[in-house]
Structure formats: C-alpha cells, structure tokens
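Common to both upcoming complexes is chain A, partnered first by chain B, then by chain C.
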Partner chain A sequence: MIKIENLYKTFYQEKNESNILININLHIKKGELIILKGISGSGKTTLLSLIAGLDRPSQGKILIENDPISKLPDLFASQLRAKKIGMIFQHFNLFEHLSVNENVTIPLIPSTLSMKEIYKKVDKALELANITHKKSLLASRLSGGEKQRTAIARALVANPDIILCDEPTANLDKENSLLFIQTIERLHNFGKTIVIATHDPLFEDLKLKNRIIPMVNGQIVP
Partner chain B sequence: MNSNFWNNAFWHFLTLQLFKERSKHLTVAIISILLLFLLSSVLFISSSIRFSLEETLEAQPDFVISRLQGGVAVPTPLSWSDELLNIYGITKVTPRVYGRYFFQPKEKSFLIVGVDFFEEQSQKNLEKLIKNIDLKSFLKDPQMLVGKGVKEYLAENFYKNEYKFLTPKGKFETIKIFKTLPKETQLIANDMIIMPIDLARNVLGYSEDEVTNISFNVPNPDEWNQINDKISALHYDLQIINKKEVKKSYQTLYNYKGGFFLILFLIVLMTFSLILYQRYNMVYSSEKRHIGLLRALGWSINDVLKLKFMETLIVIISSYIIGVFMAYVFVFILDAPLLKNIFLGGQNLQNSVEFIPVIDMATLSSIFLLYALPFITAVLIPVWRVSVSNPKEAML
Partner chain C sequence: MNEILLSNQVIIYLLSESTLFFLLAIAFIVSIRILLQWDFESFNPIQFTLEKQSYLVTTITLFVFAMKFFLLIYFVFTIDALALLIPGAMCGAGVITANEYGTPLLVLKLSLLALLILWFYMHAYDNRTKNHLYFKQKSWLFLVIFFFIVLELFLDFQYFLAIDTHLPVSCCSALFGQLEGANPLPFGLNISLLLILFYLLYFLVMLTLNLNYKLLYIFSNILFLYIAYYSVVYFFGTYIYQLPTHKCPFCMLQSDYFYVGYFLWASLFLGTFIGISDALSSLWVKKTNLKHQKTVSYLLSLFVLLCTVYIAVYYLNNGVLL
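The block that comes next holds the complex of A and B.
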C-alpha cells in the first residue's frame, strides 16, 4: 500500500544543513495500523507530510499503491491525496468560522460531486465519527473531543484507504483520547490503513494488531 | 477529481466563505468603494465637462476679432466687418456687442451679449441654441434670454421676471426675462444674458458705430491659417482668436484639474495596493494555515488560487458597481457638491451648472482596469506564494 524507499529529508538554513529524515525504508501493507513513536523532533511529522505529498523528499521516493506521490506534479498529487488519504492533525485544524457540517464538506469541494451527493457523504462521515448531533454548531464552539471527532469525520468523508494522524491525542484529555482510540479501532476493522505519529503511551496498550516503529533523530530504530 | 471544478459545490463554498468572513472583506470593500467613488466622480465630471464644452463651442463662430490698444480691449469699429466681407473664404460676419455688467452692492457680474436678430446667421445660431424660440414675440418688447445662474440670482435678489439696468448715461433700462438658456450650455452660458444688439449698446455704453468684437466663419478648415495671417495684417491693433484655441484653453484647464485628481487617486491606490500586498504577504498565520489546510485536504494550488481569485473578484466587482453607482448619483443627480466648486470655480455667480450624464465605455473600462489589476495582483501574488511554499503549515 505505502512503500518508502531510501528516503532523506534535509533542510538548509543559512548554509547549515539539518538532516530531518535519514534513509527511511518502510513498507506498509493494506489494512495495517502503524504507530510512529518518538519524541518531538524525531521526524515523525515530516515523514507524515511526505507520505501525504505535502512536501518533497530530498532523496528517495514514496509510492502510494504504486503511484509515486513524492514525484507527481501538484495537481496529480492533490488528486491522489483527495482520493486516498485522510488526515487528522494535532491541533484539529478546523475552519473555526464554519460549522461542523461545512468543515466536513471541504475535502469534497473540488470534486465533481453535487452538493446533494456531498451532503449524503458528509452525513455518513458524521455518523461514523459520532458527531451528527453537533453538525450545525460552529467549530469555534466545540470542545476538544468534539473538534477531534469533526476532524475524524472530515478525514473520512472521501472514504480514503489511508488515514494519517499527527499527534491526534496531544490536545485531548484521557477520556477523549480513549474515545479516539476506539474510533481508530473501528476504522481499522473497516480495513483502513492507518499511520499514527505519536508519543502518547496510551497507544502502546492497543489491543489491536499493530506495528510500532520507533524513530530517533530522523531514523527508524531497528 | 478536478476536471469539473466549476460545479455547484465550488460556488456554494465560495458564497459560504464570503458570507462567513464578511467582516474581513467588508473593510477592503468599503475602502475600495470610497476610492472608486472618488475616481469615478472625477472622471464623470471631466467627461461631462468635455461634452458640454464641445456642445457649446460647436455652435460658436470659427473666429473672433477685436481691437486691443496698449494691451487693453477697446471698442471695435463696425467698419472692420466690411473689410472682412471683402476677403474670399469668409462667411457669416457678425458684429457683436457684449460686456460685463456689475450688480451693486454684491459685486456680482453677468456677461451681456448683444445679438443682431435681424441678421440671418444670428437668428439661425439662436434657433440652434434655443429650439422653438418665437423671435417675433421676443423682439416685440425689450427682453433678454438668461443663463440659469443669472435667473436664480435675479430671482433671489431682485425681481423674478425683469431687471432695471443702470446705463453709463445714468438712465434705467427695464428688460424682461423672456426665457432661460438650455442646460447643455450652462458651462459657458451660466452667467450670460443675451439681448438685442441695440439694447446691449444702451446698457454697456457703446455708440452706434462701435461693437465689442466681430465674429465670422471660415468653412474650409485648410484656409484657417492663411486667413488668420491675412486678417492679422489688416490693422496693427487687431486681435484674432479662433475656436480651436478657445477649446484648447478650456480643455487644458479642466484636464489639468482632472489630471490633478487622477494623480492623487493613483497615489492613494498605490498605497492601498501596498497595504493589501503587505497584508497578504505577511499572510497572517491563520490565512497561511487555511491555505495549507486546504492543500492538505486535497485541494491543488490551482483550486486554492481559483477560490481566492473568485473571492477577490466578487469583492472587486461589487465594490466597482457600488462605487460607480454612488459616483453617478453624486455627480449627475446631486450635482457633485464640493467637487464641482473645485472643477468650475465659484468666484462670481454661485455656479449652478448641472452635469449632463455622459458615460462612455472607455471611461468605465479605465476605472475598472486602474482599480482591479493592482488589487488582484496585490492579493493573488502572496496567496500564490503561500500555496506553493507552505502546504505544511497545516501540520504545524
């Protein structure tokens, strides 16, 4: 499903070279649940953004179902992202001035779907994320847990095969973090491929079959 | 996925964004409306003045000669008109009597123009100026035709229908108002009184063989220079002015005033564009994050640019329509208070000129281009830069 080969990411700042990712090689199979574990600055978020095609690697490649997302022109990379990847962020990243409902429609706006079809999909995603009852509320008026559920609904609305989560529980209390984990378990049961970048110990106790990949200083620890 | 971006969902989201972020757009729209209002008002006034000038000057004779001694205008001998008639190519020679009449104690003055109504050309000119004028009843009594400014001034300070002029001989000459001159001629004829030539001589103190100047036409424009030279050589104290020069001097005056405003506008527009550019260039963190987020959610750079372009275009077009409409009402319905005084001056009579609605597509397109291009550029370049370079913003 996701193939990462000889991946490097280097940033340059005033002639200083900083290696964020060093020789990453990783194969993620369809339906797998991957936990990228590591402290802040270990390169987890950069790796996720490269998988999502939001940034380009300095060296190496990333294939999503054999499509080299890291080398595709912007238009095709965006199309691939819209179809196959759903993202959940640490800070939820909702449009605060829009309602829950409206936030969830955003990934489908550039599609060819009509508003009627879009709302059908939105309703389904809201139901899956258990946030239907708040759908008319402005995002700015939601609690942390509700914001997270809205973000989950937005990530699911295009029915993507891959879900990338960047520190999804960093801004949640324990109760909401556990609720999030339950939702992830449910999605995993639906056969979604899930990659979670986190340093939250709660994920170590997952009952589900998962693979923990520790990262230190931009490298995968064997 | 992007093959048909211009579908319902896009427009739905666009209107939603505009509505939900209306306070952000409203500030920009209000400043834009004010700028457009100012620019459109100045251009409308200029176009209207140019139109009125052309209309009025078109009916004027091609040349006017007068006598100038020691740099001061003195009465012109009537006999000069016979000399003009002997020059081949000259037609419609018309001796004219006019001068300023001062009203005490307010120190206002009107321009009195005497016309020989028994002369065929003068009759035609007058009929051109005032359609359906009944010359017989006009000439029956001592009567005059007055500009709108004169009419208002007399009604306010003296009598509505007549005025008693004090002649240089110390006698009173009562003259009735026959009609008001049409509004198309107001730019030049606002403070004008037209009366039969003999009455004008009485009021202004001219003798029977004197006139103020003599007008004539030269139908072949190729002969203008040649005739100009011939006539200048007739008398050392003869001054000759042609219609083109008069037109040019008026146009220079109003273009100067219009140009002054245009430069002011451009400075303001540049400042506004710079502020906009800076605003979007700094792209405050929320905007940066929004763009990055849209990209993370599957929007391409083109999709983001289309959204921002359409948002900007809607703000631009609505501001343009409102600004131009407000300027139209201000200039053509309210008669441009304040601005009118700057353009026309108000030293003598209160200038009661009404602007005739003249709107040409060139003016409207110039306004749009002068405003829209810097605006769109100032917004889209920074947005494009953020879309291209910062899709990761959403991840941070």
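The block that comes next holds the complex of A and C.
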C-alpha cells in the first residue's frame, strides 16, 4: 500500500543543514494501523507530510499503490491525495466561519459528483464521525472534541483508503481522546490504512492489532 | 543625448524589456544546468533539487512570456506615440521605417509571439503528464527562444538609439500608397481576387480546423495570415479610413479610428499563431486532438467580422462602395 525507501529530508537555513529524516524505510500494508511514536522534533509530522505529498523529499522514494507521490507533478499529487488520502491535523484546520456541514463538503467541491451525491456522502461521513447533531453550527462554536470529529468527517467524506493523523489528540482532553480512539478503531475495522503520528501514551494501550514505530532524531528505531 | 531615449514610453519600454531579460537570463543559466543533469526516473538528491529549480524556472518563464505579450502591444503603442517627435512621420509606419532596424525588429517580435505561444502549448502538454514527458523538448524550445530574445533586446536598443529626430522619414502614404502604378499585392492578384482568396482561406482554415487536418490547417493558417495582411492594408483599411487613397497598417491604431487596429491585428495574429502552435505542438507530442479550436474560431471570426462590418456600414451609410 505505502512503500517508503531510502527517504531523506533535509532543510537548509542559511549555511546550516538540518537532517529531519534520515534513511527511512517502511512498508505499510493495506488495512494496517501504524503509530509513529516520538517526541516533538523527531520527524513524525514531516514524514506524514511527505506521505501525503504535501512536501517533497530530498532523496528517496514514496510509493502509494505504486504511484510515486514524491515525484508526481502538483496536479497529479492533488488528484491522488483527493482520491486516496484523508488527513486529520493537530489544530483541526477547519474554516471557522463555515458550518460543520460546509467544512465537510469542501473536499468534494472539485469532484464531478452531483450535489445530491455530495450531500449523501457528507451525511454518511458526519454520521461515521458522530457529529450529525451539530452539522448546522459554525466551526467556531464547537468544542475541541467536536472540532476533531468534524475534521474526521472531512477526512472520511471522499472515502479514502488511507487516513493520516498528525497528533490528533494533542488538543483534546482524555475523554475526547478516548472517543477519537474509538472512532479510529471503527475505521480500522472498515479496512482503512491508518497512520497516526503521536506522542500520546493513550495510543499504546490500543486493543487493536497495530504496529508501533518509534522515531528518534529523524530515524526509525529498529 | 538622443531625444528618443528621453521619451517616457521608450524609457518604460526599454527598462521593462531589460528587467524581463535579466530574469530570463537567470532562468536560462539554471535551465542549462537542469537540462544537462535531468533524469526524472532518478530519486537521488540532485534530481530532487533540479525538480525544485525547474519550478522556479517555469514560474519565471511563464511570467516573462506573459509580460512579453503586453510589451508587444506597448511597443506598437510606443512607436505610434513617437510619430510626434519624428519629422515626416504621421503614424507608426514612418517611425518603424526610420532606420534599418525597425522592420526586422517588428518581424522578430511577431515571430517571437508565435514561438512563445508554441512554448505555452508544450508547457501545457508537459504539465499533463505524470513524468514530465515533454520537459526536455520544452526546455530546448526555451533555449531557442532565449537566443531570439537576446537578438530582440539588441535590436531594441539599436533601433531606438539609431532614430534620428532631425532626419525626415516617409509617411504611410509614401510607403503604402504611391507605388507609381506597381501592383503591391502578392502573386500578381487584383483586389477582387485578393478578397475572394481572403474569404476562401478563412473558410478553409475553419474547415481544416473542424476536420482536424493538421498539416493543411497549418498551411492554410500561414497563407491566411499573409493574404489577410494585404487585404487589410489595401482593401479593408480604406473603409476604416473612409478614404480610397489611404493605405496603412498603422494609422488604424490611433484614437481617430477608435484603436480598431489593436483589435484587428491582435485577433489576426493571435488567432493564426494559436492555431499554428496548437497544430504544431499536437504533431510534436503526437496527440490527435487540437485543443483550442473554439479560441481560434472566435478570434479569426472576430477578425473577419470586423473587416466585413466596416464595408457593410460604409455601404449602408453611403449606398456605394469605395
């Protein structure tokens, strides 16, 4: 499903070179749940950005179902992302002035679907994320947990095979974090491939069959 | 100091051309490095760096080439405005023939317009492939264009520096009107045959465009451009000026004629150049369909319509033809 080979990411600031990712090799199978675990600055978020095609590596290969997302021109990378990848961010990244319903509809706007089909998909995603009852409210009026559930619905609306979560519980209390984990468990049961970058110890107690990949200083610890 | 170089229009024009050239020179240097090392199948750090640099080069090139379209219009406006400074000149015709660099410069600028449009097509085709299939062709074309732009900048300066504001030039009537009985039309045509050919070629362009006969389409476009130029100068122009003896491709750019020349020449040159570039690029990349049939149809139809309307309006107002 996702194949990462020899991946490096280096940032340059003036004359300083900073190696964020060093020789990452990872093979994620379809339906797998991966926890990228590490402290801040260990390279988890950068790795997720590269998998999503939001940034380009300095060296190495990322294949998503044999499509080299790290090399695709922007147009094709966006198409691949829209079709196959859903993202959930630490700060939710919602449009605060739009309603829950509108936030979840946004990923489908570039599609060729009719409005009727779009509404159907949006309703289904809202139900899966358990946020239907708040669908008319503005995002700015939601609590942290509700914002996260809206973000989940938005990630699910295009029915992607892969869900990438970047520190999804960092801004949530324990109760909401556990609710989020329950939702993730449900999605995993649907066969979605899920990659979560987190340093939240709650994820270590997951009952699900998953793989924890520790990262330190941009490297995967064997 | 040369009076011409103190003119606002010339200062703006030369400064803009020089700035764009400076940007393009950066893109040129980076392009050569990219072309020498480009291997899209590779995942090594050099290739990733080259891909990033190619975004920069493409952004610069897109910007500069887009600006060149506007600068061509501004160049035409400038030479028209300079008619006030040069004795004998009544419009851009006298200014452009003020020295030996003017006409080659104008022809070069129009040729460059055709090449820029061809580059835009190659760029569009390249962007639609997952592995930048036409990147090398597009870059080679850019290098060729760059050399033409070097020549253009050289001619720009030579032309404006060599204009002598004390030396009288010929006006458009002398250049296009008084030919002492000689037939100025191509292939020994007379006006009636020229007009028949003009409309026949327009229909041939439209027909070959819709039937997707690319080679015939390119050929008919080139011929239409050639015949249309003479038709406007020696026939349609006289209806724009409402004077049978006034034959000039430049006077129609002036406010007296509501700047109609800009619309006429822009629709003719853009229509034919887009058509030719579209067909050439699709032959080059071996794609079957022409992409901008509608754009070409609209531009050339606008051109033919504008020309025809002037005759119709004149006839309706006066009951006779010139």
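Basically, the second predicted complex is superposed on the first by the 222 of 222 C-alpha atoms of A that agree within 3 Å, B and C clash if a C-alpha of one lies under 4 Å from a C-alpha of the other, contacts with A are read in each partner's own complex, and residues count from 1 in each chain.
Just so it is clear, contacts are C-beta pairs under 8 Å (C-beta built on N, C-alpha and C of every residue); 3 or more make two chains touch, one makes a residue touch a chain.
What you see is a predicted model, and the numbers here were worked out from it, not measured in a lab.
Overlaying the two complexes via chain A leaves chain B and chain C side by side, clear of any clash. Taking chain A as the reference, the larger set of touched residues comes from B, when chain B and chain C are compared.
By the touch criterion defined above, A:R81 lies against chain B but remains apart from chain C after alignment on the C-alpha atoms of chain A. Touch criterion met: A:L48 reaches chain B, while chain C stays clear of it.
When the two structures are aligned on the shared chain, A:S58 is found in touch with chain C, with no touch to chain B. In the superposition on chain A, A:D166 makes contact with chain B only, while chain C stays out of contact range.
Nearest C-alpha atoms belonging to chain B and chain C sit 7 Å apart in the superposition, given in whole angstrom.
Comparing the two interfaces of chain A, the one with chain B and the one with chain C have residues 75 in common. Those residues of chain A whose C-beta lies close enough to touch chain C in the complex are 5-6, 8, 56-61, 68, 70-73, 75-76.
By the touch criterion stated above, chain A contacts chain B in their complex at residues 45, 48-49, 52, 54-55, 74-75, 78-79, 81-83, 85, 87, 89, 93, 95, 97-98, 102, 105-115, 118, 154, 158, 166. By the touch rule above, chain C contacts chain A in their complex via residues 40, 43-45, 48, 51-52, 127-132. Partner chain A is touched in their complex by these residues of chain B: 1-5, 7-10, 12-13, 16, 20-21, 289-290, 292-303, 391-392, 394-396.
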